[in-house]
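For clarity, chains are labelled A, B, C and D in written order, and residue numbers in each chain start from 1.
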Amino acid sequence: MGEAVELEIPARPEYIALVRLVVSSLASGRRVLADERVDDLKLAVSEACTNAIEAHTAVDVHDRVRVRCHEGDDRFHVSVDDRGEGFDPGSLPEHPPVTDPERLNFERGLGIPLIRTLVDEVAFDSGDDGTSVTMTLYCGRVGED
Amino acid sequence: MGEAVELEIPARPEYIALVRLVVSSLASGRRVLADERVDDLKLAVSEACTNAIEAHTAVDVHDRVRVRCHEGDDRFHVSVDDRGEGFDPGSLPEHPPVTDPERLNFERGLGIPLIRTLVDEVAFDSGDDGTSVTMTLYCGRVGED
Amino acid sequence: MELGLDVTERNGYAILAVRGEVDVYTAPRLRERLVELVSQGKHQIIVDLEGVDFLDSTGLGVLVGGLKRLRSHDGDLALVCTQHRILKVFEITGLTKVFSIHDSVDAAVGGE
Amino acid sequence: MELGLDVTERNGYAILAVRGEVDVYTAPRLRERLVELVSQGKHQIIVDLEGVDFLDSTGLGVLVGGLKRLRSHDGDLALVCTQHRILKVFEITGLTKVFSIHDSVDAAVGGE
């Protein structure tokens, strides 16, 4: 409990940069995480926040979006929680292959594929009262301190 | 409600730098606040966090310390809340004058005088179940946006 | 948060140099600028991403939208990018196959 | 968070150059370094604060403690600081009257 950092932001796009700042500051404090992994996490968390904010906007909910960073022994976890209507991450439409000229009609739908690729584990817990996306990076052994 | 940013940190000194980062990022986003005022606020909030963390440590409370940043029309507010035993800000010991050689015996007690000088308003709300320190900067008129 | 958007012209190309973080907050400004250029008749656009610190899926979407718009005018949108962390985002999403990505503005203008 | 603490010697002075943020988390390292220097017989210490980005009341307390310790050895602790935001903290607390504060290490060593 006491070991997590929690950040709650107004559900507005201009606050996502602050989330990135906090996540990268905490993650780069872990000497075992390479800069590239910090960038991966930053982008994944940013995408999850974008979705959370859009979920609030869609149903006109004015609650804040909550970001929780938690350091385990050899894991770094970030979860993003919203109070939107939820969705089924297992049944998202697929994009046409990139070689198909139709591909250019899809300007959206890249966020969740990015999240899945960038972090070592991701869990979606979604229901009528909101969604929680938990992203995990493996850190190897943590330095003393 | 939805307009405030809230940050909760473990009550440990190594997290105060993160609070400074968040406060200065939010405050410098206000085009009307000069860099010097942002520095003032950063130091005041840092001092309040140091006291909050010491208050938790003193009574062995493991709760997090909560920092809330709120932008009013022409005010920027930051409050730091703890669950320590509280204190009476009106009856703190005074330091001997700086010209007195005795002054060198006081390595502490500079935090609250600094807070009082650095911000435009400060309110201490302290009781048996904790303390809330609210610091306010006047910003002049805020730009559109 | 500031997004830098500077346009210069060279050999009939409009070069849009982007600086800062492109995310859901700032991407609309990039979109507007692209739309504006197209409506001014610039159909050969090079977007220089060397000054970009961060690019998310919204930013990718805006670039895909720009490319689509230009193709419909028989034009093209090419990119300049050598930063590993930005290229990685194009690679993961398969968009390296959709855009021509160059090492420098010189190379992009030269059509390499 | 790193705190840089580099010691050099000049004209019988130990010069401790501090870099980074001095707060309740990092100040103990500054205190240890000062205690160590005094116990090595360095009684004329100059603390160079030009590389310091942030200094809180704990940092001030450590410097006051260092000065007190040195005075008890007939020594002194002088400061180098020209940064307005750091000087301001000394001014507010009246400590500009307690420390001799110089514009450069040269000036501090020269005893100006």
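Everything that follows uses one rule, which is that contacts are C-beta pairs under 8 Å (C-beta built on N, C-alpha and C of every residue); 3 or more make two chains touch, one makes a residue touch a chain.
Computed from a predicted structure; not experimentally measured.
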Intersection of the contact lists for chain A and chain D: B
Between chain B and chain D, centroid-to-centroid distance (C-alpha), Å: 25
Centre distance in Å when chain A and chain B are each reduced to the mean of their C-alpha atoms: 30
Where chain B and chain C are represented by their mean Cα positions, the distance between them in whole Å: 43
Multi-partner residues of chain C (at least 2 other chains): 1
Overlap residues in chain A, where contacts from two or more other chains coincide: 17
Set of all touching chain pairs, with the criterion as stated earlier: A-B, A-C, B-D
Chain A residues touching chain B - in the complex, by the definition given at the top: 1-11, 15, 17-18, 21-22, 25-26, 62-64
Residue ranges of chain C in contact with chain A within the complex: 1, 21, 23-25, 54, 56-58, 60-62, 64-65, 67-68, 71, 84-85, 89, 92-95, 97-98
Residues of chain B defined as touching chain D within the complex: 13-14, 16-17, 20, 36, 39, 42-43, 46-47, 50, 53, 97-99, 103-108, 110-111, 113-114, 117-118
